[in-house]
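Okay, so chain A shows up in both of these, paired with chain B first and chain C after.
The block that comes next holds the complex of A and B.
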């Protein structure tokens, strides 16, 4: 394969990684029945804190930990407001979206546009030598490898373990799960915070690797909304969510490539609109039932498997409150 | 007696808590909170000029907030309000830059164009929501970005100033295309104040005393039951979006026809999002809107000079406002829980967030 093409795919995987981590985090939260709408702001604030912590301490690891704590704390606020005080999760999430973005601008104002620590590539010895796939997937940073582990780890947890079954149950039928002995609200706290911490990790993946440093306006602004849409596109299934994130990063790379092609005369400004048009199109694909229609064309034995994979209903109890006695 | 002091406490507490948190954050970046609050106060109320700046934030903020009262009543999250302001500004700019009419006709035409732009952009969110089942939050976020991209494109392309490529602003509008200020000292548009008054009264009257308002409320409280009872919920939602969009369009038009006198990127300046915060803060009670928007406008206007005076970023205004709304939502939750455990104290003033505001995607 053409080495240039390999480079492009390598950078698509790298650029998709924050989106992958954030949407996996949100998938966990929403599977438990809680909406963390604050993603766009959470990513920005955790990116800023991650960068500043890494800059001050000189260690990227400390930056990552700080960013995860920030993401977890924001999620904790949503959990307290939404679960304990039974307020509207969307309202709290929206307020936090704006608040955290402003907080990042305010608290990070003395740390803009300065170089700081970065997470460097660390190729995995034997795997990186596999033709084509090796240099694309295994010549990356440790965060990218971690994202692979998260994808398969979440799939295994959700569909192959008992606690994973409980996680799905509290998002689908909290009453039934409660009757069977699950402590619904405590588990929702737990998964909301874990999901939020992963969103924080994604923030650090921006400021310490993909878009290193901190600047206002933040370079990752808008990606939180994209990640939320990817979770819907992905039907709350880890594999499809990841597919969505990679697809999205791929199309974004394509539009950058078009910008660099002198033969195609199109306004750079208008190309910036592509991600948003894509976001609406993907949501339309899910909501219009086009996927269901596609299923009927497939041979019968494949239908059941594909239907399970392409399931696009949200967790039935998503965003609702559960009164635990 | 205990109820009253409890309710009073839960009203004052969020204000104190958000001020305290903001003060701590100010100290965290090495500034003196007292100096900051003094500067903000001065920036808002020092003289007629700074006060007129506050009113110039109050006018568009009150307009969008009243529009959002309509969509929230119908149970809709019109996050797209920023883009609706932006499109209102774009349409008004087209009128101001191209139409050759006497001011007496031009200005009403510009305002109608602004309403058209905002209304169209809101109708898109509405179609996506009611016909194509795309949640209005996502439709709105995407259309916000697209409206901003459209205005940057127009500024850097078709409408760029003669002196060359700039993404900063269009050429200044001709004087006849601008709303006239009340006096040289008090730079506020009388016409805009009249429009704000008309919008406030009509929204309150329409929601309280008309069939349309009743249908919106029914849609917002429980869309499925409303539909079964014969309320055209799809049409209600659509009309709520369009009304809000038209009002937001006027707000955007005001920003270009008075505040700036030209079109620039991000012309809405976050005022649409701030309107959403206001309506959450007042729990969709329209009568409280003008007062709360005034406080928010004062914070906004007062903090514009923080950068020059104290080298602090003006985003501090958003931090304070954000914490305030968050604290109020939390104290609402505390109040509801407290009422539950003390059912004897249930009072009629208890207003809850409608069920429809729950996530329903």
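The block that comes next holds the complex of A and C.
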């Protein structure tokens, strides 16, 4: 394959990684029945904190840990408000989005546009030598490899383990989960915080790797909303979510490339709109009867897998409260 | 197997605010017995069963198993002690497959062995003739199949006592036969104890070895079977209930309140063609058929909740084809859905709020008069509840009474889905008295019911739905239950 093309794909994978991590985090949270709507602000604040912590300590690892703590703490506020104080999760999330974004601008004002530590590429021996796929997927940073592990790990957890059944059940029908011995609200806390910590990690992935440094206005502003949309597009299924994130990053790369080509004249607004239009079309397709018809012609073993993969219903108890007796 | 288990309940008390739902209950259940738990609506049956199965805590009292007192905090712990309960609406997860649902809740290490679990599921299903596809999403199963799944799941967890709360509402006749055979076998061969809460006395008579009767939170009697319906009714209500005389309709005009002309109805699963029907003022029309044979679709079409794909619907002489539910309501029709809490009533709202919703037409509600009105309605309809009670805390029978209170006073036509679902014999009669009162005023009633007895007792005419066909019973005078049962099953259908 053309080395230039390989380079493009390599950077798409790299650029998509924060989106992948953030939307995997949100998938975990929402599977447990909680909505963390604060993603956009969470990403910005944790990116800022991650960068500053890394800059001050001189260690990217410490930056990552700090960012994850910030993401986890924001999620904790959502969990306390939504579960303990029985407030509306969407309202809390929305307020937190605005609050954390402003907080980041305010607290980070002395650290803008300075160089700091970065996470560097570390190609995986042997794997990186596989033709085509090697240089695309395995000549990346450790964070990218971690995102691969998260994708497969979450799939395995959700669909192949007992605690995964409990995780899905608390988001689908908490009464049933309770009857089968789950401590619904404690699990919801746990998964909300884990999800939030991953969003924090995604923030650090921006400021320590993809768009190194800190600036105002923050360069990742808006990506939190995109991650939220990707979770819906992905039908709360890790593989589809990842597909959505890569697709989005790919379209973005394409639109940047087209803008740089003077021969093609398309309005920027139009280009930026394409991913959203595609997303809506896909959602319509998936939720229409077309899929069920497609399923009937597939061989049986494939049917089950496909249905699972294409499922587009949100967790039935998403955003609801559960009163434990 | 011979795993014995004796259950003793001692001095069990449970209050909900002012309601003493269980008042000093003492009961013993012996191993290998099928025991019927009877009682009027709101008597406290479900509460007691939920306490025994860990779904609800008790205020005071003790549960003894095999001579030892036990205490547990939750259903999972009760199952570990060998007691499992099948809720009326089976507690499962719709998004799971049958197999996942079977596995979820079983103890074991991180990653369950799906093959082993599948074999266990198939073996248990085979034993009782249940047909459960392990890969099918639970949301696509019928209530009867979800029950079967829950039973094999509980058996796999090793329960020795099985509690069933009104298991026969909403399942087909074949599923009921399968269920009863399974319960008999479990009691006889595995010495399991089975506790059955039911309002259907014929089911109790067919299945149980003994019965215990609750009234207003207390045990008021028990009896070894066999017993007749009359004996059971006397035990439950303290008196025999007089048979209700049937009154002929006094249709003084021949005008149709409701007329269907060659209506075609269709949904994803079926199509029914050519339904023609004229209903006169004061007539009661019963719709018979297995669950989901189209009765509900027709009822909904009569009030504009379902669109006819062909044909014409007239209400009181006006062509209403294609009109909205709202427009139908304005012509004076009323609709009562079978899923009370899903469609008819709003969980979370109080009785006063419900009444205010239907009576108040201004944007601002006069809460004082609404409350007053609610108190009147509570008295008139004999509802066990207070104006500020939230609807979901009422027992099933009382919810149904509220639903009646919400109906307009003199509708032209009432379309009712299973108007007495889940009601005790006395409440069911009471509901019918109310309905018959209204028919005297000229209201026509069209209703569906899975209860053949109810259909034959109250209908002037019966329409049978079967496999996409509808047919009116020709000879109402000499119709027997058996005959009607056979017609529902598809015999004697003219095609």
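Basically, the second predicted complex is superposed on the first by the 286 of 325 C-alpha atoms of A that agree within 3 Å, B and C clash if a C-alpha of one lies under 4 Å from a C-alpha of the other, contacts with A are read in each partner's own complex, and residues count from 1 in each chain.
Operating definition for what follows: contacts are C-beta pairs under 8 Å (C-beta built on N, C-alpha and C of every residue); 3 or more make two chains touch, one makes a residue touch a chain.
Just so it is clear, the structure is predicted and the values come from calculations on it, not from any experiment.
Asks: Could you look at A:136 and tell me whether it touches chain B, chain C, both or neither (first, second, both, neither)?
Replies: neither
Asks: Figure out whether A:91 sits in contact with chain B (first) or chain C (second), or with both, or with neither.
Replies: A:91: touches chain B, not chain C.
Asks: Look at A:103 in the shared chain and tell me whether it touches chain B only, chain C only, both, or neither; answer first, second, both or neither.
Replies: Only chain B; A:103 stays clear of chain C.
Asks: Scan A:279 for contacts with chain B and chain C and give back first, second, both or neither.
Replies: first
Asks: For A:232, using the defined touch cut-off, is the partner it touches chain B, chain C, both, or neither? Pick first, second, both or neither.
Replies: It touches chain B, and chain C stays clear.
Asks: Thinking of the overlay built on chain A, is A:176 touched by chain B (first), by chain C (second), by both, or by neither?
Replies: The second partner, chain C, only.
Asks: When both complexes are superposed, which of chain B and chain C contacts more residues belonging to chain A?
Replies: Residues of chain A touched, chain B against chain C: more for B.
Asks: Kindly classify A:14 by the partners it touches after superposition: chain B alone (first), chain C alone (second), both, or neither?
Replies: Neither partner.
Asks: Residue overlap on chain A between the chain B contact set and the chain C contact set?
Replies: On chain A, the chain B and chain C contacts do not overlap at all.
Asks: Help me check something: in the complex, which residues belonging to chain C touch chain A?
Replies: Residues of chain C touching chain A: 55-57, 74-77, 91-97, 100, 103-106, 108-112, 135, 137.
Asks: Please name which positions on chain B make contact with chain A in the complex.
Replies: Those residues of chain B that touch chain A are 25, 28-29, 77, 79, 128, 132-135, 137-139, 141-143, 145-146, 149-150, 152-153, 156-157, 270, 273, 276-277, 280, 312-313, 315-319, 322-323, 325-326, 329-330, 332-334, 336-337, 353, 357-361.
Asks: Which residues of chain A touch chain B in their complex?
Replies: Going by the criterion above, the answer is residues 35, 37, 77, 80-81, 84-92, 94-96, 98-99, 101-103, 105-107, 109-110, 216, 222, 225, 228-229, 232, 267, 269-270, 272-273, 276-277, 279-280, 283-284, 287-288, 314, 318-321.
Asks: Inside the complex, what are the residues of chain A that reach chain C?
Replies: Contacts found on chain A: 160-163, 165-166, 168-169, 172-173, 175-181, 304, 307, 311, 313, 315-316, 325.
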